[in-house]
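Presented sequentially are two complexes of chain A, the first with chain B as partner and the second with chain C.
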Partner chain A sequence: MGHEDGKDKVPRTVRDILTEMKDTSEVIVDLAYAALVFDSQEMAEEVQHLERRMDILLYNIRIKAMLSARTKRDAEQLAGLLQVASAAEAISNAAGDIVNLLKYDSDKRPFLPIFLKEAEEKIKSLTLAEKSDMVNRTIGEMGVESETGMRIIALKRGKRWMYDPEPNNRLKAGDLLIVRGTDNGFEVLRSFASGDRLWPQYPVKEAG
Partner chain B sequence: MGHEDGKDKVPRTVRDILTEMKDTSEVIVDLAYAALVFDSQEMAEEVQHLERRMDILLYNIRIKAMLSARTKRDAEQLAGLLQVASAAEAISNAAGDIVNLLKYDSDKRPFLPIFLKEAEEKIKSLTLAEKSDMVNRTIGEMGVESETGMRIIALKRGKRWMYDPEPNNRLKAGDLLIVRGTDNGFEVLRSFASGDRLWPQYPVKEAG
Partner chain C sequence: MEELEKKLLEVKDTSELMVDLAYSSLLYNNRDIAQEVMELEEYTDELTTSIQQEAIRRAMSDGDVSRAFVTIKLVESLEEICDAASGIADVVMKNVEPHPVIKMSIRDSEVTIATATVIEGSDLADKTLDESKLASQSGMWVVAIKRGRRYVYGPDEETSVLVGDTLIVRGPRDGEEFFKDLASGKARLV
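== the complex of A and B ==
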């Protein structure tokens, strides 16, 4: 995902549109709460961008569904897909409502971030140090989530945000990572990101 | 979480109700898609149970918010919390719409589970073998998510479902785990759950 890679085109098939809508509906809720926790207008804008994209996807999936229904059975199956698509879009609208709170002055919503930080899985941020072993490696090759249990929700490089970054995304020094997981997992990840610990190497079992 | 532990009471404070609503809104979306993937009426019922609970929580948080607003500033802050609560409840309604699809005959929604399995992070299930090293240990003490990157969305023991099980939940032989994560993480977890591999032991750094 990540709209930085010019992926503003709508996927071609009903199936691919719905897959994107499902994935977005899962990440957008995390992202909306993260925007509140970090009081981040930029993350809120990402949520709003996704919300608008979900509108477009919903419109397109409806058209494609109608054009591809040839029999009653097709139509019944497609109606089910449209129901999921509508629900995914409703989730993104709710996420948009959450970030709308950031429009208000921060003194009118002061204790919100504090208690959101108390959930079991916390949303935190860290910056990749120049000397970190994670620099110039991809998220997938490191297996960040398998190794630390921390999920990278979003990444900020310079002024650019990428949400739900792809496994083939190569990290750079100075990247700001927004991550979600337990306190323990965060401490492990922080030790790698700061360069205090080297990323573990395992014996290679099979090629690739 | 998990309503099996008699936790049907509504938390006492606005803050605690909202924390539960936020946590539920994050897990219910996963759970709804999982119910479709596994064509599971029981998981769908869990989603519906959570959806009803969210209604009750929303009603209660509104009452408590009104009773606790003493000044204009209180009211402004509480209005923000209610906005988040409403959004969380809207998310749970959308999750309910997703599982409503299971009401239809399965031949009217056949390719839905198949392509949901193609998302980057997959939802899968596995059963804990008698001889698995994970039996009789808690999710937290093993650090299942840190170790494998797999998140346990739900657990079925006998006829009972627990969603988003707590870290202090002790696993038993025969437990069915519904997990979410990458293919690699799943293979690692499966090798532990089957008893083919022992759960790794690390030198203890500090007490507790």
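== the complex of A and C ==
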């Protein structure tokens, strides 16, 4: 999702805009909680960046939807679609409000990280060990989330943060991963990330 | 954790469940699920009010205004997410079929929704979700279980999965096939 070149363009179709809005509305909430858990101003800024992006997407999807209505039924269905887009944008606003809590001194909100540690799905961090065989493989080829249930919502390499990293992102030794999922999934991921266990290999599927 | 923080957590967990259920209701154009989102919205509304009142009461006794303020602000944001979820589910309650592009977008999304029925012989059958560890095995998180005509919404780790249950799950697209194979008995838990 980052700020790389070209990625800030608005997608051309209603379908692609809505997909991006849905994806963003999900990751932005995780990032907002992560910003509270790790008391991270950088993550809070990313949340605010995504929030502004959602405003632009909502504006664009409204225009495109209006232009595509031909009949009363089109208009009714598109009104529902725009309702979904507005809801995704409202979720992003809520995430923006959540990170605004970081403005208050951390001693005034000490319970926030504690209470988030008890959630059903938790946000945690781990560092990729040099001896882990996850090193030099992409998130997508490993299928990190489908293998462990843990979603990588952000990673820090050196001083640089990458948010909602792409499947083609190749992990490096020393990467700090911010992940979301269950306790059990975290233990599984940690055993791979520490190098205690090898990433599972599956036989190549036969064609058909 | 104090009672108030527990309630706050309940609103947070419920807000996430509501968003997942809302998208599920849209994908399957399912009014039962949409109706559940509406009911959860009333529940979280009540919880929000009681948290806010409790936070003020606590501040009046211990004088910690900042803590009360942060609590009130946070639960307000969580409630906004719940409202948004019911806004999504509301589309299903209208007497208009949801626009086909909505379904496509949900299926295109990084986090998708899928469903499968657990058949006899499946490794998922007669196990709790904790025992099968479905979430960490496949990346798919169970949002609801349809058992006969009834639904179990937001099952927890202790919930058992039975033969014939239809699971509605949320997770990465590349976890979907393994999940379906597990439910049909074509694949085994590791």
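In this section, the second predicted complex is superposed on the first by the 198 of 208 C-alpha atoms of A that agree within 3 Å, B and C clash if a C-alpha of one lies under 4 Å from a C-alpha of the other, contacts with A are read in each partner's own complex, and residues count from 1 in each chain.
Here is the rule we use: a residue touches a chain if its C-beta (ideal position, glycine included) is under 8 Å from a C-beta of that chain, and two chains touch if they have at least 3 such contacts.
The structure presented is a predicted model; accordingly, all values stated were derived computationally and were not measured.
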First (chain B), second (chain C), both or neither touched by A:26: both
Partner chain in contact with A:170 - chain B first, chain C second, else both or neither: neither
Which superposed partner A:200 touches (first chain B, second chain C, both, neither): second
First, second, both or neither for A:149, with chain B first and chain C second: both
Partner chain in contact with A:181 - chain B first, chain C second, else both or neither: both
Chain B versus chain C as contact partner of A:18, first or second or both or neither: both
Which superposed partner A:78 touches (first chain B, second chain C, both, neither): second
Doubly contacted residues of chain A, that is, touched by chain B and again by chain C: 15, 18-19, 22-23, 25-26, 29, 73, 76-77, 80-81, 83-84, 86-88, 90-91, 93-95, 97-98, 100-101, 104, 108-109, 111-112, 115-116, 118-120, 143, 145-149, 181-182, 184-185, 188
Touch list for chain A against partner chain C, complex: 14-16, 18-19, 22-23, 25-27, 29, 73, 76-78, 80-81, 83-84, 86-88, 90-91, 93-95, 97-98, 100-101, 104-105, 108-109, 111-112, 114-116, 118-121, 140, 143, 145-151, 164, 181-182, 184-185, 188, 200
Residue numbers on chain C that touch chain A, as the complex places them: 1, 5, 8-9, 12-13, 16, 19, 22-23, 26, 66-67, 69-70, 73-74, 76-78, 80-81, 83-85, 87-88, 90-91, 94, 96-99, 101-102, 104-106, 108-111, 130, 133, 135-141, 156, 171-172, 174-175, 178, 190
Chain B - residues contacting chain A, complex: 15, 18-19, 22-23, 25-26, 29-30, 32-33, 36, 73, 76-77, 80-81, 83-84, 86-88, 90-91, 93-95, 97-98, 100-101, 104, 107-112, 115-116, 118-120, 143, 145-149, 167, 181-182, 184-185, 188
